[in-house]
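What follows is a pair of complexes built around chain A, which joins chain B in one and chain C in the other.
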Partner chain A sequence: MPGDSPLVGGRPLPEVVRRIIADVLVVALEEVQPGKGLVRDLGAESIDFMDLVFRLEDALECQIPFPRWQRFIEATLEGQDLAVAITPEVVQLFAERELAGA
Partner chain B sequence: MTCSYRVAADTWLGLARSAPGAPMVPRQRHLVDQQAAARAERAARAASGLGQDHYSVSRSHTQGMGAAVVAPADARLGVDLGSIARVRDRHATAILNPTEWTALEPHARIRPALGWGLKEAAAKASGEPLRHFPDGLLIEAEADVVRVRVADQPELCFLARWIRFGDLLCVWVRQAG
Partner chain C sequence: MSERVAVTGAGVVTPIGAGYESFRDGLRSGRSGVGRIRAFDCAGLSTQIAAEVDHRQGDLSAWVEPRTSAKLMSRAAMFAAAAAAMARRQALLGRDGVDPRRLGVVVGAGGMGPTDLDLLATQAQAAIDAAREVGTGRWDVPTFARLFTERTNPIATLRGLPNLAAAQLAIQHDARGPNATITTACCAGTQAIGEGLRLIQRGDADVVLAGGTDAAVNPVAVLGFSLLGTLSRCNAEPGRASRPFDRQRDGFVIGEGAGFVVLERESFAQARGAPVLAELAGYGVTCDAYRITDERPDAAEAAHAISLGLRDAEMEPRDLGYINAHGTGTRMNDITETRAIRLSLGAHAADVPVSSTKSMIGHLLAAAGAVELAATLIALTEGFLPPTINLEDPDEECDLDYVPNVARAASPTAALSTSFGFGGQNACLVIRRW
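Let's turn to the complex of A and B:
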């Protein structure tokens, strides 16, 4: 339910995350859809994930050491093909956890 | 364009660039980059003379260019290809400690990108990139020799080399003998 999403800067977190992904990967907002692989479908490279974390830090107003993203991906997507497994939903889940812990 | 270089006694570097074409959607671009990396691998393996099942390889790609390093099957190696301009000071600060930053001072013009490339390449060579990148890899420099050591396996140390093509920097590492 959209109404259940935490707000960040007055906007629902999923919307904030979607906008960040579009900005960092320089793709249209409409391209950032559930299930899209950030690497395979949206062209993300490894350094883009660091920019995603930087942008989340700025948006959530908290510090997020990059290894925390690495550990999250390692634990959440163990054994999966990261080119397709890292989706907007995964980034959102990470953001939710960071927000909850901030 | 596809080419290969012998970069050490038993290590070969392959490079391939896709022909410029029409603008592509991200998924096409990713595929074209992967194809470039595959061509780079074929070029390096052909130059090496190593058999189909008797070589190690690491691949990287960006912006329509692919790179591959190839060595005999038991070698631990890694490669990273990236834009020099893309790596900014904020990235470098996030992945390099002050000692590492100072160690790369002789390479001031490419320092952030070199730091990034060294850790990316070594992370691949470690076999557990998510576990080791970035803090579990320590950059050491002495004279012209740059190494990357795996922090929790000090015996695992990679010798690094790199080559620059305009804005692209290709960094590769191989386990030190």
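Let's turn to the complex of A and C:
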């Protein structure tokens, strides 16, 4: 439920994250669906994740050193194929933690 | 006898039009693309004019593939992507038309100043805020570093790589053959196409995308060239500012854009039934080895470059029916170039029409030679010679036929394009009807 999500700039976080992913990967918003692999399905390359984290910083109004994203991915998706495992839900989880000051 | 090299496509992004037809029509009408600078607030600058590429030239990002590439591109790389894609389309060279390993890329690139206005603004603001925060009013690197790191999207820094345009072209066109970037300033576009010719002649590629690109309408480049005293200050009448070979000239006008051609080995082009615009017949290159911004007054090495180009094409001066001059509109260039043409062509110099398309599009720096080769191709194939506009009061030291003010009907069978760079590099290309 959107009502359960924290608001960022007056909009629910999932919506903000989805918009950022679409902008970074230059895809239509409708293509950013749960379970989609950012690399395999949406064409992300390594530089796009730097862009993604920078835009999250802007949206969440906080500083996010890129290595923190890398550590989060290693810890959360250990042993998985990152081409499919990094999904919009994973990005959202990261954003929630950053917002909570993790 | 070695195989000839065909030019099968030409694409341009220029201040008077993007695309071959639009550029051709602009050249024919003698239109100026110079205006008051729109890219940034130029109030107070000694030069407030430039020849910019604007929205009237269409959405250039539509030419970029893959779609995510656009955000990584500098303005110059975007121009290059558009011009190269246009050239390939004209050449009717489809995705599977060439073995990727036999497709090369050579790009003339890299100008003065930053490549990205947004990045420059971020840097400048971080420096200002750092000085304010430290309170000393001085350049404080640690504070600047922190602010810059906080505010800069990492991908923006990539746009400054000089080889970025060549890399993006390789990705877009799956060009896995030789890939080079030439950074000889105002000579770069011409040299890139010349070196592309050599790649094919050496057997290193069947097809080469070659050209030049530049986007130097930014405060640092405008101020830099102003400090060097090379820019026109004719702010009141932008359309009349670029006036090569005219006594009232007062410097060049910075332009921006890109030009690309598709070069092909003769048998390769014939085997696929490619449309051929012309033969790229010769290339000559030398260096003054004299001074950074002064040309050799006797024009000996500039003249030698022209002689080498003609010899490479196995042509005599009398074979030339048109010269597209470097023609910047600085006193030194115009006089030295006139001398170089006289020296290399001898008695025939008086009979060859010479024009400077910079009078219309300004000086595109690293892209200049490539766009001007496209103008030379148009002169060879479209039945008219582009004029030198604003030539109202000819300098008596410039005594050639400069095709003043209006396009002239003519059908030359061979033509030459020259470029000379800060640093002393001289280059020319010779094209001939197929």
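As a convention for this text, the second predicted complex is superposed on the first by the 101 of 102 C-alpha atoms of A that agree within 3 Å, B and C clash if a C-alpha of one lies under 4 Å from a C-alpha of the other, contacts with A are read in each partner's own complex, and residues count from 1 in each chain.
The definition used in the following text is that a contact is a pair of C-beta atoms (placed from the backbone, for glycine too) under 8 Å apart; a residue touches a chain by one contact, two chains touch by 3 or more.
No experiment lies behind these values; they were computed from the predicted model shown.
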Dominant contact partner of chain A by residue count, chain C or chain B: B
Chain B versus chain C as contact partner of A:Q63, first or second or both or neither: second
Partner chain in contact with A:E15 - chain B first, chain C second, else both or neither: neither
Partner chain in contact with A:V39 - chain B first, chain C second, else both or neither: first
A:E74 touches, of chain B and chain C: first, second, both or neither? first
Chain B versus chain C as contact partner of A:E96, first or second or both or neither: neither
First, second, both or neither for A:L25, with chain B first and chain C second: both
Which superposed partner A:M50 touches (first chain B, second chain C, both, neither): both
Set intersection of chain A contacts, chain C complex versus chain B complex: 25, 27, 43, 45, 47, 50, 54, 66
Chain A residues touching chain B - in the complex, by the definition given at the top: 25, 27, 31, 39-43, 45-47, 50, 54, 65-67, 70-71, 73-74, 83
Residues on chain B engaged by chain A in the complex (per definition of touch): 26-27, 29-30, 62, 82, 86-87, 90-91, 94-95, 116, 120, 130-131, 133-135
Touch list for chain C against partner chain A, complex: 66-68, 70-72, 150, 153-155, 158
Residues of chain A that touch chain C when the two form their complex: 25-27, 43, 45, 47-48, 50-51, 54-55, 63, 66
